[in-house]
Amino acid sequence: MRRPVVDVNGLQYSYPDGTQALRGVNFHLEAGEAVALLGANGSGKTTFALHINGLLRGRGSVSVCGMEVEPRSLALVRRKVGMVFQDADSQLFMPSVLEDVTFGLLNQGLSSEDACERARVALRQTGMAGAETRAPHHLSAGEKRRVALAGILALDPEILVLDEPTTYLDPPGQRALADLLRALPQAKILITHDVPFAHATCSRAVFFHDGAVVAEGPVEAVAARFGWGLAAR
Amino acid sequence: MHIPDGFLSTPVWAALDALALPATGLAARAAQRGFDESKAPLLGVMGAFIFAAQMINFPVGMGTSGHLVGGALLACTLGPAPASVVMTAIVAIQAFVFQDGGVLALGPNVLNMAIAGVLAGYLPYHLWGGGRFRRAAIFAGGVLSVISSAVLALAELLLSGVRMPRPVLGVSLTLFAVSALLEGAITVAVIAALERIQPGFVRQPARAPSMLLGGLGLCAVMLAAGGLVFASTAPDGIEQLAMRAGIAKPLAAYGNGAGIAGVGLVFVLLLAGGRMARRRSA
Amino acid sequence: MIHRRAAGAKLAVAAVFLVTVATAHRHLLALSAGWLVVLVSGVLVAKLPVGGIVSRTAAVLPFSALFALFSWMEGFPQTALGLMVKSYLSALVVLLLVATTPLPELVRTLESARAPQFLLMVVQFLYRYIFVVVEEAVNMRTAAAMRGGLRFQAAAGALATLFARSYSRAEHIHRAMIARGFQGHFRSMATGTLAAGDVIFAFTAGALPLLVRTLGEVLL
């Protein structure tokens, strides 16, 4: 039996002020699979995702590619998991596009030349070739998102986690992103409010409510069950 | 006040540039706490915050308004060494990107605003911030940070031979005093608002022997600089008296002597402080 | 053409220019004319708008004019002249430098000159986020203006909110950094090699202000 690339069992997490954010979440992701995390604001989707690469640590077990996520394995886990955050401005923190995309590669020990080469490939993949010398604050919201994704793709992770990737994207931008994601071989976790986008990119959805998973299944079915589907309007 | 290039005499800007180098190095090392650079983004973003803070006007009546300078606020929330580093970055960006303040004059401007101004903004809070007079301490910090950097700038200009008629000096000092009071008031108000949002932002004043050293150094320098500035505002009587007593150009002599002695003292204290800091982190 | 020269060469030339101007005391009017010609030629060669550059530099003049007035009133016209021309020319040198050199490159040059890496990284992050945070502040101010403007206490609240948001943003940045393997030190992509063209530029451009000064002192 194939081991899931992400395997979470009984995950619980409370914020420093005591409020419980996750109440025993179970979650499994197979290689190459794309899963959408749906749920209301504050239901725990992002909090859950931050456990996958060890940015948060709760009680219960989280393992990535067979490795338990703990302090000793963090460096390796973070090579396997590529996370694109909701706020692209806080993710593109270097002075130029090229420097930002090569950031992770240089941290992994690649030489300047190799890092630049891989960065250029990733930028081409996300449609931002030629933007290498541009300053992030001159980019549009959609361009920032694409550069942030390039910075992650350049690291060749096995799992992609994207938090609200369609925010600030116009419909053509959303379509382009959906096409790109469908073409990528990595396993994907998409946190999103955009049900049509989730339907276009993911085979399965998981519905969060109040820190727990309350439903799982095909995207449209899960969405319809909670009044999130298109038919509900 | 940012001093442009062309105002300070060569001995003054050269000596202060030389002094600023170890001072900023010390502050950078202290702010890093163990040579990890992960605090750099925080300090950078807070520097951006200070720039942005200039956009928010505080009305003071009669159609005038002022804005936050920020040295004391940063010192009470981030700590004095990180605050110094932030203010240094700000002064540098202002000089290069906005031509606000000279490049050769970076040493004096950094010493005035990022080192002395921040230290003066922090010391009252360090001494009395934990007790009943907390708000007064914060207010005093805001006032002293503006006053000290202003007096130092004026002293440097006078030392360089830039003429300032007595009434002009008097008016400038008054204006600086007003903006210092405003800074104190704004700092108190912002810190109060910050504590309502999240108490953890404003740090508790901590024990630090290097603070004593820094405080002494600052007092010595301020005495020298203040002496120079206030002597320049003194009536003609003193000059005439001294001249009759046979001392030629007494004002200049007093100014140069005190100024140079003060600078020398600070240099020695900085070196000593640097050696102490290195021994503790070794 | 100047844009493509190495930042280090341009910084060196700027330093020479600034010191040459700062240390001059005689024949200031004539020397300034010569220096102005050199600098304006630089602006033209760099294909920058002369009018824009010259007027932006003039921002320093009101301040220097005030002090120049005092010096002149007290009987020191040479000092007055010095204040005005030196502050103006120095500002022009710096503006020409930053108009032809992106700040990140300047920072990288200072890094190879062994300036404290930590301070340089702070400068870099500051520059990266200055527009972002300023825009937030302007939005806050506009939103408040729609509702009658900010009184003293409200302005303090706005600043506190801006502070908290900036702090929070810094935490997100840090999170994004460690998610991409940051170990505590920034790796630089600095190449730092000076081409022959840069060296030639540094020597010829650097010689110009000195030439003006020596000619002035010799001929006048």
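Should a chain be cited, it is by its letter among A, B and C, assigned in written order, with residues numbered from 1 in that chain.
The definition used in the following text is that contacts are C-beta pairs under 8 Å (C-beta built on N, C-alpha and C of every residue); 3 or more make two chains touch, one makes a residue touch a chain.
Keep in mind it's a predicted model, so treat the numbers as computed, not measured.
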Practice problem: Please work out which of B-C and A-C is bridged by more C-beta pairs in contact, and write that pair. | Solution: B-C
Quiz item: Which chain, with its centre taken as the mean C-alpha position, is closest to the global C-alpha centre?
Solution: C
Practice problem: Determine the centre-to-centre distance between chain A and chain B, using the mean Cα coordinates as centres, and give it in whole Å. | Solution: 46
Quiz prompt | Euclidean distance of C-alpha centroids - chain B vs chain C, Å | solution = 21
Self-check item: Chain centre separation (chain A, chain C; CA means) in Å
Solution: 40
Practice problem: Going through chain B residue by residue, note those that touch at least 2 other chains and give them in order. | Solution: 41
Quiz item: Which chain A residues sit where two or more other chains touch them?
Solution: 93
Quiz prompt | Touching two or more other chains - residues of chain C | solution = 103, 124-125, 127-128, 132, 169, 173, 177, 182
Quiz prompt | Complex contacts: residues of chain C adjacent to chain B | solution = 14, 18-19, 21-23, 56-57, 59-60, 63-64, 67, 70-71, 73-74, 76, 79, 82-83, 85-91, 94-95, 97-98, 103, 106, 116-119, 121-130, 132-134, 136-138, 140-141, 150-153, 155-164, 166-167, 169-171, 173-174, 177, 182, 184-186
Quiz item: Taking the complex as given, what residues does chain A use to touch chain C?
Solution: 53, 55, 75, 78-79, 81, 83, 85, 87, 89-91, 93-96, 99, 102-104, 106-108, 112, 115-116, 135-137, 151-152, 155
Practice problem: Within their complex, state which residues of chain B touch chain C. | Solution: 4-7, 10, 13, 24-25, 28-29, 31-32, 35-38, 40-49, 51-53, 55-60, 68, 77, 85-86, 88-90, 92-93, 95-97, 99, 102-104, 157, 161-165, 168, 185-186, 189-190, 192-194, 196-198, 201
Self-check item: List of chain C residues in touch with chain A within their complex
Solution: 102-104, 107, 124-125, 127-128, 131-132, 169, 172-173, 175-183, 187, 189, 191
